[in-house]
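Next up: some structures, all given as structure tokens.
Shared chain: chain A. Partners: chain B in the first complex, chain C in the second.
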Partner chain A sequence: MGPTITRRDLLRLAGGSALGVIFSPLPWKLLDDSAIWTQNWSLNPPLSHAPISLAYSTCTLCPGGCGITARCTGGVPFSLTGTKSHPVGRGVLCAAGLAGHQMAMHPLRIVQACASSGRSVGAVISPLEREKAIAAIGAILNGLSARDAPHSVALIDRRPGRALSAVYRNFLSTVPGGLYIVSPSAEDATLTTLQQMAATPAWIGGFDFEQTRTLLSFGAPVLEGWGSPGQVMDIWSKRARTGFRLIQADSRPSRTARLAQTWLQLRPGTETILALGLGHVIIRENLHAHDIKRTTRDFAEYARLVARFDPPTVSALCGVSKESIEETARTIARRPSLVVAGTDPAGGPLPNEARTAIAALNVLLGTMGTRAGIVARNPLPGEPVMPPATTIDQVPDQSIRILIIDGAESGYDIPVSLLRKKVHPQGAIVSLSPLLTPMTAWADYIIPAPAHLELLEEISTAPGAVTCSYALARPLHPVREGSTDPLDFLRLLSAVTAGAATTIPTRDAMLRARADAIHASGRGKVFMPQDGAWIEVKGLATTEQFWQKLSEGGCWIDDGPAQSRSVSFSLLPGGNDEATRCLALLSGSETPEGSSVTVMPYGVRGATASAQVSPILSKIFQESNLKDLDGTALLHPGTATSYGLADGDSATMHNGAGTMRVVVRCDGAVLPGVVHVAAGPRRNNSDAPGCVGGEGILSLCEPGSDGTWRLTTATIGKAHGSEI
Partner chain B sequence: MKRRTLMLIIAGVALGAGTGWVLFPLALYTRESQPVNFSHKVHTGEQAGMTCENCHDFTADGRFSGIPALDKCTGCHGATIGSTDEEKRFVEEFVIPGRPVPWRVYSRQPDNAYFPHAAHVKLAGIACEECHGPHGAGDALPAYQANRLTGYSRDIWGRNISGIPSHPWEGMKMDRCVRCHALQGRTDGCIDCHK
Partner chain C sequence: MDPKSEKTARYGMVIDLDRCTGCGACMVACAVEHNVPPAESSATPRTGITWLRVYGMDNGPEDSGRDTAYIPMLCQQCGHDTPCIAVCPQNAVDVDPTTGIVGQVPQRCLGCRYCMTACPYHARSFNWWDPHWPAGMEKTLNPDVSPRMRGVVEKCNFCHARLHQAKAKAALEGKRDIKPADYVPACVESCPARAMVFGDLNDASSDVALAAAAAASFQFLPRLGTEPKVYYRSDRDWIRRKADHTVHSSLTEAEHR
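Entry: the complex of A and B
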């Protein structure tokens, strides 16, 4: 009889085999192949290996309007780059733009009309036939009566100025109680404020960045995707030669603040005080424009107000030294210089008083209408003259019965709580977004629009540009079945709504009408991306030829700034009330009570809480620390220690609006007692289908009566267990 | 340790190692022959005297054409010019019906990897053999082996399953690109090669 094989023998053999396998390539090769296998769960469509072709379009992920060159195979784009020598984009695309072609395949893409079970985090979103959803919206509209006014139906346009915006306004004008709303001003905050301060309301201006030498920015993320990123980075890269100087007045140690030649780190919420303090020095030292009394209507009142904001007082309130305030005033007085008010992509706009005080510095310095200052811009040909739009903060609370949220992305957040305040408890919210976001998830009905680069769209003048521009965003993907063009949505809604008797144009007709108007003006020239050539509009005999050039990816640029004309401004458009509100600031702001800290949300344009970026970007941001991800809380080490926190700790923040978990990051450049919390980009796990993720820090921000949400207070402490 | 235990463990190690080194590659890769057994040697030898660039050329706009299209072949092989059965089959099955040859490409990279031949061959002056080996002298095409998990050719990893190249030209994974670029003192960002 041979030897008996026992179970122990088999275990020994297996143990030896396991050891042997470890000393073979099997586990390591399998690991490598498995990693590649997971990479093949691609969001990109399968590509054919057909010859590579180039297609030209324009990015519409933000109002910047950068030129896109797409490398395509079999008609499918597989990589995007900035179009070389493009007059708006300057050959540059931001990270979101580089991955823009993947948005059509985003896992959180919505391709069917949906209805939500309620406006809460746990709400169930169920598919619904589009016609049924529109019939339900129409039924609500038809059921409204005059007593439901003043604002029965409102539409919030996140990118005003498009031909589509005019169609929206026309539609709303035919609906009882129709109201057209725009987002709070962002990159155009200074210009919008100056428009309100101008005696001529139709005045339109732009920043002559190319020529200016000193830029004083109050929190504008100038070097982090602002205006047209390519233009700003071009100016910044040439600073050694041109002498361009950036002064950043910012509480947060942002990338812009760290890179700026001068960083004025002011206490949160003291922008108005600092701006008035600078005005004080400019007037005291007679550094203002010599014709200031002619160009302003209330210089004496303004001078009386700023007289109270002497540098020692301002320094005590802002935390910026007296010497820095005086030096900054003298620096910006050495023209050419510009002063801009910032809007954080997540933190939102500055209060009205701050915007006015900052904009007034431009008038005081005489930069208005001068080269290298703020110059008048011609309106875009074909742009209808319409009354100023209402901003969301101007809408009375609970006054909206149906709120339609346009699906275009502005790159800037609006907290859901701000919208929620404006909608009647029995009202309905309709989202036209192609992607599931916290804002979309809050809607009662979702009628998804086509995704980025699926629809022929237009993009006109970039915010703050001195000359107007116009380009078409040529589609690079076919429209996904189940998506609804917003024009079709309006058409279907008109059909089921009594009294909504407006003609909705086709997309082609709508865009051609504007192109025809530009051609008819005979102004400007068209940049052609294929060869970098410029074609005079006057040289294009027919409108069809002009349309053809735009369709091929051409970008129309106007001849130049408008003829400068004398416009007078009010430095205190709010009169005595405004002066009183400013003087009240001298008594100092309330410091947070007890163990509370001042919380300031911040974000990156196009990657904030209400936006989705391509999952590949979420992954890169998450793995590289290139951007602070949502829930990253920056604290001064001393503040962290006083709350028992250390770098890398998980902490919870709490206030009356809610609770959220954050990851602590200690940074010695943060002001004590202040916590800056990132609202995006989102972490990769929140991009998983079925998990929209919450609004993050914005859910803790209760917008004030002036519609701002930059500052809030909360308690912070170490997180325990599964505490949310 | 008892002798029996030691023997069993050694046997196990041998079994495990054998599985990993011999059976695993056999299971991992499929073996597919090329649609035509093309002889590079016949074309690049004294009789035809062709060079790599005669077939694998650059287009007018500077892009690399890769595997030549059928019309490159039909220039000479519009009808049978040799005496081999393989050429006769090639002409009958592909040239006469005008059917493109479904070559299996040993060096096919992922779609998101962008490799410009022009920059490497024309600017850097790298010879074809430095990356592709001396297959221009081969008389027959090796079997195409596809990785069952990833779908890529075995030549991307390298013929040696250990991943240690037996020859300098073996392997076309990113680490090889990175190593060579580092030697050349090139600093590259992700999007230089990944689109």
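Entry: the complex of A and C
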């Protein structure tokens, strides 16, 4: 009789099988497969299968001019790195530069001419044919009389010194009432001031950083993208060996201030007082240059002025200890040293008195025209000699009929309120920016220029450099349809402008003229990125050969600094008026009344309210706390508590200019009563990619008559509900 | 080729914290290299994807004694008792015995995030969203690195794709060993302050091995015994003390009681 199978046997078999399956690979396989199946792989973008190649160009996101090596697939760049051994970039790029190849595909890219329905946050920007937009600009231009607005066309050049800048100036010189305005630049603040202080201007070139040992910076973001980032980082990384010392005089706990060997945390707006206090110690202890009376015209007057700025008085006003002031003066007197004035990318320049007082320290220490100091630089061959450009603060209010804002990225903000003040109420603002930024959104007309790395451009001498350089930014992307080369825009505008009569060159001709002039000078040599070789310009027989080398990514460098001539300086170029203004500072500044706080905007070069950065920079601005998103308000914990605020709270800031919402971040390194508000990139907004927002903290800043907007006052309190 | 005859490397890194300025170039270079998508609108430092993240750190005082350092934190490529490997139920984390690189296989990842919990360095990120690039920007993706999807964990792998390229180049040249200069991770290549040194720690004469052996170099959380292959260096004592910091050591005696 065979075995009988009972129900119990079946149940045993089922139970045993179930148990066996658990210990078999099957559940893990199912788990694994379900993990794969549930992943929505169809959303993965396909990757290129085209061959990989290298291309060489130059970054134009800031005036630094770093060399780029691009890895491309099918001709499209997918990765940028600094060109090895590049004489300007030193083989590195900054965070923004590393993502520069994505700017052409930026979600806020403007791809055709537009007109705005009005200058307000809610204004509607609608597409318009380019020719119609330019005809409308012409109608405004020809409709207003010179009595209403003396300057028919004004143009703000966001990056002066280009061949395009010379074309801009030529065009404006032929237009009745044409005005050329330059954007503020950090590196040039000290050099421009020194030129104004010099009896015979035009020789002042750049900072000999490589040789200097002490750098005293008044708020310059030295370690945050200043000058040519590669050069500054190179000097910084070698400081243990070279003994380079950075002293940062800054109210804000910036990265530079935190990392500097010495941080003089002074009260907001007291830079002039501190600089004059340092001058006092230098003169009192006879630490100044031995030939100071020969190199200055008003040393006695300056000495009389700084005599009033003794360390105890300065300490009481600045909040920097008397000992620190004296020690700093002695340190910078141990040459070689340099003193530079800062321009915050969002907070703008220092007042004139401060810039002069800071620049005067260089003269006092005898750094002018000496090795490791401020040295002369030969002019770039082919650069036309032009009269000094106008700055925006020198322009009378409501005097401009058409204000054109160049599309280049300067890295520095200008508040829209300052621009609007200068334009006649019936006038118009025209933006050439390729990207929708808060500043562009306020323009009446937008004629978008090609984006970064789309157009053959040039990049000449880096700000503050001791020798001239010149390179071409070879395009890595095709020009997007709907973009207008600024040269074409000028051509079209001159056709509708009464009285304008100038020939606008083609881009190729414009750049070749500059290259021909460099070749004709026979000066310098060309660095070739492919193999790191150097070629003497004299060894290139024809201009075509020189042009070819530049087109291949070559970078021309001049032979070296020029011979400095002995120049006499005025330490108080404003004379008695300036001395009087400085003495008035001794009475102290007014502290904000009642519940108000002192507000200071700050930003990162190229990532300010008026700029756009690649969305991938959200890694450092949004997905980490490394850099601050727009509207981050840094407060001392004590200040926050006194206003009922805590770390992470939403708060509202308000003053006569407007209201804005900020996110509080408590930081014990911030001075009590002061709020530093970030003007920077906004949160990535993939849900509303066209949403640009306002200009943030700059909308609360009311520019003064001297064109500065670093300090303002506002009330702060906890935000409630949907309060803006 | 017999795997046993292959020369074993132990890739590692030394980061000089006295050079790092916290510029974030390494973070951007890393994200671009590995096709990490830009942040979603609601992403935060907790939910974002950063294979390498730079943290700011102060020594505490708010007076003139205040000092700051920036710490680039990436997968430490633990060489012993690698916590993420031990907890992964999917075998989605493995260590390459020929390089010492701890790899992550996103295709195998279940998204349980045990590895994120186990990682003492918080060096892993989870994909909370489908990857999304602005229109046209997908053309700028690195063709050597697959994008990952929602629901998986990812982390630094010392730019493994670059290692493969270096190996392929060596093979084309008829060589078995790669040239050190041919294999440099994106963060090291991009660092403007030259604060990072990379190479084979087994090669005693290499820059990285010498730097790792220097007196000023240290590892983070060495007491855990994970033997990270990422070293840091600083001449500042307070940074080294914080590197060995644990919750336990931060408690005062009174709090202990």
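Convention: the second predicted complex is superposed on the first by the 665 of 724 C-alpha atoms of A that agree within 3 Å, B and C clash if a C-alpha of one lies under 4 Å from a C-alpha of the other, contacts with A are read in each partner's own complex, and residues count from 1 in each chain.
Throughout what follows, a contact is a pair of C-beta atoms (placed from the backbone, for glycine too) under 8 Å apart; a residue touches a chain by one contact, two chains touch by 3 or more.
Keep in mind it's a predicted model, so treat the numbers as computed, not measured.
Trainee: Is A:L626 touching anything from chain B or chain C once the two structures are fitted on A? First, second, both or neither.
Mentor: In the superposition, A:L626 touches chain C alone.
Trainee: When the two structures are laid over each other on chain A, which of chain B and chain C touches more residues of chain A?
Mentor: C
Trainee: Using the touch definition from the top, say if A:S618 reaches chain B (first), chain C (second), both or neither.
Mentor: second
Trainee: Examine A:P25 and indicate which partner it touches, taking first as chain B and second as chain C; both and neither are also allowed.
Mentor: A:P25 contacts chain B only, not chain C.
Trainee: Touch test for A:L98: chain B only (first), chain C only (second), both, or neither?
Mentor: both
Trainee: Applying the document's definition of touch, where does A:T580 land relative to chain B and chain C: first, second, both, or neither?
Mentor: Neither partner.
Trainee: One more residue to check, A:A14. First (chain B), second (chain C), both or neither?
Mentor: In the superposition, A:A14 contacts chain B only.
Trainee: Contact-wise, after the overlay, does A:T641 reach chain B, chain C, both or neither (first, second, both, neither)?
Mentor: neither
Trainee: Would you check which partner chain A:A240 touches, where first means chain B only, second means chain C only, and both and neither mean what they say?
Mentor: It touches chain C, and chain B stays clear.
Trainee: After superposition on the shared chain, which partner residues are touched by A:S173: those of chain B (first), chain C (second), both, or neither?
Mentor: Neither chain B nor chain C is touched by A:S173.
Trainee: Find the residues of chain A that appear in the contact set with chain B and again in the contact set with chain C.
Mentor: 28, 32, 36, 39-40, 44, 47, 52, 78-79, 98, 620
Trainee: Show which residues of chain B lie in contact with chain A when the two form their complex.
Mentor: 4-5, 8-21, 24, 28, 63, 110-112, 114, 147, 149-152, 157, 161-163, 190-191, 195
Trainee: In the complex of these two chains, what residues of chain A are touching chain B?
Mentor: Per the touch definition, chain A meets chain B at residues 3, 9, 12-30, 32-34, 36-37, 39-40, 44, 47, 52, 71, 78-79, 98, 620.
Trainee: With touch defined as at the start, can you tell me which chain A residues reach chain C in the complex?
Mentor: 28, 31-32, 35-36, 38-41, 43-50, 52, 73, 76-82, 92-96, 98-99, 101-102, 104-107, 223-225, 229-230, 233-234, 236-237, 240, 255, 258-259, 263, 324, 614-620, 622-627, 668-669, 683-687, 689
Trainee: List the residues on chain C that touch chain A in their complex, please.
Mentor: The contact residues of chain C facing chain A are 18-19, 21-25, 27-29, 31-33, 36, 38-41, 43-45, 47-50, 53-56, 58, 62, 64, 66, 68, 70, 89-90, 107-111, 130-143, 146-147, 149-152, 186, 189-195.
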